[in-house]
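Two complexes come next, and they have one chain in common, chain A, joined by chain B in the first and chain C in the second.
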Partner chain A sequence: MKKKWSGKNFFAKNGSWIALLLLALISTILNGKNFLSVSNLLNLVRQVSMLGLAAIGVNFIIIAGCKDLSVGGIAAVCSMMAAFLSPYGTAAAVAGGILTALLLGALNGFLVAVLKILPFIATLGTMIAYNGIALLIHDGKSLAISENSAGFAFLGRGLILNIPFPILVFAAAAGTAVFVAEHTRYGRAVYAIGGNEESAVMMGIQVARTKMLLYIFSGLLAGFGGIMMASRLNAGIPFTGTGWDMYTIAAVVMGGTLIRGGEGKISGAAAGILIWGVIQNMINMMGDVSTYWQQIIMGFILLSAVIIQNIAERRREVISEG
Partner chain B sequence: MKKIHKAETVSILFQKYGAAAVFLILILVNAVFTPNFVNVAVMWNIIAQMTPIMYISVGMTFVIGTSGIDLSVGSILAFCSIILARMLQLGYPVLAAVAVILLIGAVIGIFNGFMVSKMGIQPIILTIVMQMILRGFAIFVSKGKSIPITNSTLSAMGLHRFPGGVPIQILYVAVIFIVGSILAKKTALGCYVEAIGDNNKAAFLAGVRIVGMTVLIYMLSGVMSAVAGILEAARSGAVDPSIVGGLYEVDAIAAVAIGGTSLDGGKPNITGTFFGVMTMILITMTINMNNIPYEISNIVKAFIILFSLYMRRESKA
Partner chain C sequence: MAEHAVLRIRDVSKQFPGVKALSHVSMEVEKGEVRALMGENGAGKSTLIKILTGIYQFEEGEIEFDGKRVHPKSAIEMQRLGVSTIYQEINLIPYLSVAENIYIGKEPIKHGRIDWEQVKKGAEEALRDLGISIDVTQKINQLSTALQQMAAIARALQTDAKLFIMDEATSSLDKRETQRLFDVIRNLKERGIAVIFVSHRMDELFQICDSVTILKDGELAGTYKMAEINHHTLVSKMIGRDAAEIIGQRKQYRTDWEQKPVMCEVKNIRKKTRLNGVNLKIRQGEIVGLAGLLGSGRTELAKIIFGEDTAYEGEVLIDGEKVHLPSVRKSIERGIVYCPEDRKTEGVFLGMSVEDNLTISVLRSLLRGGFVQTKKKKAIVEEYIQKINIKTPSGSTAVRSLSGGNQQKVILARWLAGKPRLIILDEPTRGIDVGAKAEIEKLIQQLAREGISVLYISSEIEELVRGCDRIAVLREGSVFGELFGEEITSDNLLHMIAGEDTAKTGGE
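Our next item is the complex of A and B:
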């Protein structure tokens, strides 16, 4: 039976997209054509697409009631690995980076799913470790991409039909993720685990395997983000992904996913990451704003987004109970 | 019928005395492998260095006990210590400056507690945001430059050594250990924290004033971070707002977790946290004495933390 359409419910469920539209509207009013041009919008999305990739993985993990703070570390190691292997050709650089990502993700999964260490602490530990590894690869210095892998530049700077390659990757990953979350058994298992792990076990869901896969996916996405970053900057940089641990959580929460798990939409994370992009774009257009002011403004906008989302959330609870 | 494996009894032992056990293991390992490990001077230095973490960890223990988390502690420390440095630079007396930043720490903590308990915002997301904002404000205060500490009274508070090279910080450690233990064990606060952490709704129905208690606990964490800011400024010759207190939340959370306070909330274990911080100190010492380069040191640190958590993880039935 289809529920009756209700304006309140619609607002509460799509709060993040509405917030995104509002922000875009404000930016259009403030900046006019500077904001609403194809080149600016593409630029805006491209800038957040690497972070967005990582956020998709983190969103899944949070829906399952876990955390992944190590995504920034994984991005850093993969960016360095790709640069380190670039003398052996593009294929080696990309494959090496992806393999590293899978491995680091699997280590997270092993700690959480097999050793059953609390996800927050486990990935806090691996975050420290991965950042250390990234520094170790080239003594804490950045490492230029070798000329031997000419094709590598395409990952971060290539265009297909005038659309930057990172955006296409981000869109494809988001689309696949939405499909997996909403239309597959695996997706439902993730929601079930986040909702109530004990009942999920009783229902016969293989919790450990599901979590293991989640962390491997998350590692892969974050790692590929790091690889694209290396391509974009033409160098592996050990500080790639600094702050991604927190930014991804912020984007996911802005997208309407509950941090305690069991509820949330993958499309919400996409909205969250785009909100992030619009805010950053607006700050850039303000001209000469020092970084600390950027940080403060960003923080306050985030804070108000979380508060608004929270109020909407409560209304939804009232509506669904009433 | 279930056989009790040897490994299980070991893990039960670790659950109870985990932090102390890890601490002992580290001492043993070091005694065997580290050349002239018992270098007292180095030990005193590291204890002096880690005292701010001790204060932050005590506040964090209570917050984590309520099943919350406070990721803003490092930034509160930075904001408070830069204001302290700025006020001293402008010629205010030490006492006034200290009073002001304790107040600032309390106000930030109250704000955090209010947002968490009254507005129902997830502690992790709120304190991430506060971390960003406060770090931004800290850098704003001095326009990104570091401010030297020239006040002799304050420096004496951080650099004084008792005979034998014993740093004054040993007093501060004793004070916070005693105060923290009393708060956790001898006052109702410890019980309330546990009640809120175990079951928020049940605690509410049992008449615990959840909002008031939560605000109080986050305020405690804020004040502890402010005190840590004073200690940090007193020990160092200058305060750099973009560096000071960075990643302290990680050390504090690790210390609390190693110490046996459950991250899902529950009884605040101050003794455990004390050993947790001591373990972190030992880890740092191990790394320093073995000349392990900085890049590897973090990896080693991470794996010791993970190992100790694995050893004392709660066995699920």
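Our next item is the complex of A and C:
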């Protein structure tokens, strides 16, 4: 039953986690206890939890062979909506934000699954439009959370057993996602669609419905990320989620999900997100290094990940040919 | 009307833009009946199957399945009603395991999650019923085509269907595997399950089917009991008499090429593990057949002559001159062209129009001042559509919507437009119906008469025997022998391909 353990296979499958460990090791050497302290590690993970939430949705979408560029836009609109509704109480702010996320995700799903617009184009369009909506809500300015929503602060800053709430949300979402991807019909259908959509149709998989739900989930995750950001910063900010469109894809690809779909792991994307967090953290700690290095380093790590994937893929092809 | 009919089709029609794909077709299939469905590509066979599986919707007529009127709108709807289909193009998900491919969409659930133990066990059992025992946890794309086909069959059999549709399900199976499938079909029959069976292999139909429904040009050409009809009548019903005669004809041996110069010669070609020392000459205007089992090195040799594969030892000589630094571009300049085996991935641009596909390799000659001369382009397209009888609504139709035979003709036309001197054809008639086959074979003869050399790779013995001036047989990477003129007979060729030491016959 159990496959034989092979070193090569182990490294190929867990490359992103190994990279994460290596980076953590480097950071430990450079920063010592400052890096390894519980508070720093929690801080590090908390910082990337919102982005990580969005990346989980994007990961599913990419496994299905689709794209979602609009996650940043959705986060921005939801952050603003939550702030906009905060005068009516915490419940209104949260519910309003979630409902908005649901609608925006459903619109993406409608465009892709029903109107059959290429996902890249469809979500490029909505990304631009959503960013516009976020700016429109308060004329491009931030909007403070009203004092009527005292409980709202918990979402971004609350602790349960000393663990920040966003981390718990991220972990719960990641755990659920792994289960859905690997042990449910819905999850396997997502892989099937990404592997060969035409076959999936012929096999009787409900492709349109599956895709519709994918975009709704993605919207909800990104939107909730945006709401937690608003809570964290105590304000709705129209620039929330800037760069998420690309950073999520980068994390997903670094996690070993193939951009053409059909193959990938949710846990890989989590590793991709944490790599992002470690680099951010390292640069913050080094003080005198410009934070712009973060992007440059991430870019190169992404490229190396893709190059390694390509080499592995080619080798596999050769093996299956011979 | 019989009480025990599982499927009744009455007056069903289906229109596509510009083409009437099906026109007033009726048929009935009884429980426990194995019905052959025959017709050329473009006769409406695939359209009818896609209607029955819920992928296409019909406009006129009615379908009754298991006593109920149905008007399916999706594949899943028909599957739920009890129609299970094995498609010609193997429809599997490449990156998932064999077991998952057999179960996807209908995985057994236990305690809210997929019961992987059951998936694995069920898949193993389903394959064992087909006589196959493999590791079902490996990815499906690591299996051979035949095994993939068997997995697809296992998947279809995994349902409690009342009607199975097998669309060219045997096309990649060998004799033994086909017999296994036939055992399964006989078993279904006993249980009162009906089968609609589509195959280009005539012998199979006579072996397993009770009756046959023939379509021609989208219309019903008749339904017959298998016992009441013979081979020849069947073919002529399907394609009309003229084409039937061409297929039956043996070609006249020409000798005019014997005095012509050698156009292409390969000397002692070696490629690790695949080719070990191949020698072959092709004269101007000669049709040289290249026979051999799958894996004997046929395609490898073709790719070397075409300059696509440059990693070999030995020499390729064109017009007596050795080719240095071979490349595809140079080969095309010298007039060597290659029609690949797998036309969908290597041959045509499915999404592009007939026009663009046809002229893509001669665009340079159509340029004036850097722009394509549309008029000239259209003229060329018209010329070849006429000349080799490509059946297409217009030049701007996407190649995807043509039948396999016509796609193949588009590829041929593309190369012919470049005025080649040597054409390498790799399985040019695979997956093509009898009528188009006859036309393509005729065209090849005509090309040879015009002085074009042809290297003809095929697994179909009869086709080679009919068409070639000389046949070289490859075995294990070298030329095992050659047949000339009167020596070219099916028996001789079979013996040579198989060799004395093995009992294997047939192409694949």
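Following the convention adopted for this analysis, the second predicted complex is superposed on the first by the 295 of 322 C-alpha atoms of A that agree within 3 Å, B and C clash if a C-alpha of one lies under 4 Å from a C-alpha of the other, contacts with A are read in each partner's own complex, and residues count from 1 in each chain.
One rule holds for everything that comes next: a residue touches a chain if its C-beta (ideal position, glycine included) is under 8 Å from a C-beta of that chain, and two chains touch if they have at least 3 such contacts.
Just so it is clear, the structure is predicted and the values come from calculations on it, not from any experiment.
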Which of chain B and chain C A:Ala189 touches, first, second, both or neither: second
First, second, both or neither for A:Val201, with chain B first and chain C second: second
Chain B versus chain C as contact partner of A:Ile259, first or second or both or neither: first
Partner chain(s) touched by A:Leu135 [first = chain B, second = chain C, both, neither]: first
Partner chain(s) touched by A:Gly299 [first = chain B, second = chain C, both, neither]: first
Which superposed partner A:Ala150 touches (first chain B, second chain C, both, neither): neither
Contacts of A:Ala91 with chain B and chain C, given as first, second, both or neither: neither
Partner touching more residues of chain A, whether chain B or chain C: B
Which of chain B and chain C A:Ile26 touches, first, second, both or neither: neither
On chain A, the residue positions that both chain B and chain C contact, one per complex: none
Interfacial residue positions of chain C with respect to chain A in the complex: 53, 55, 74-76, 79, 85, 87, 91-96, 100, 104-107, 109, 113-114, 116, 137, 141-142, 155
Touching residues on chain B, where the partner in the complex is chain A: 69, 71, 119-122, 124-126, 128-133, 135-137, 139-140, 144, 250, 253-254, 257, 263-264, 294-299, 301-303, 305-306, 309-310, 313, 316
Residues of chain A that touch chain B when the two form their complex: 111, 115-118, 120-122, 124-129, 131-133, 135-136, 139-140, 246, 249-250, 253, 259-260, 290-296, 298-300, 302-303, 306-307, 310, 314
Complex contacts: residues of chain A adjacent to chain C: 3, 179, 183-185, 188-189, 191-192, 195-196, 198-206, 262-263, 320
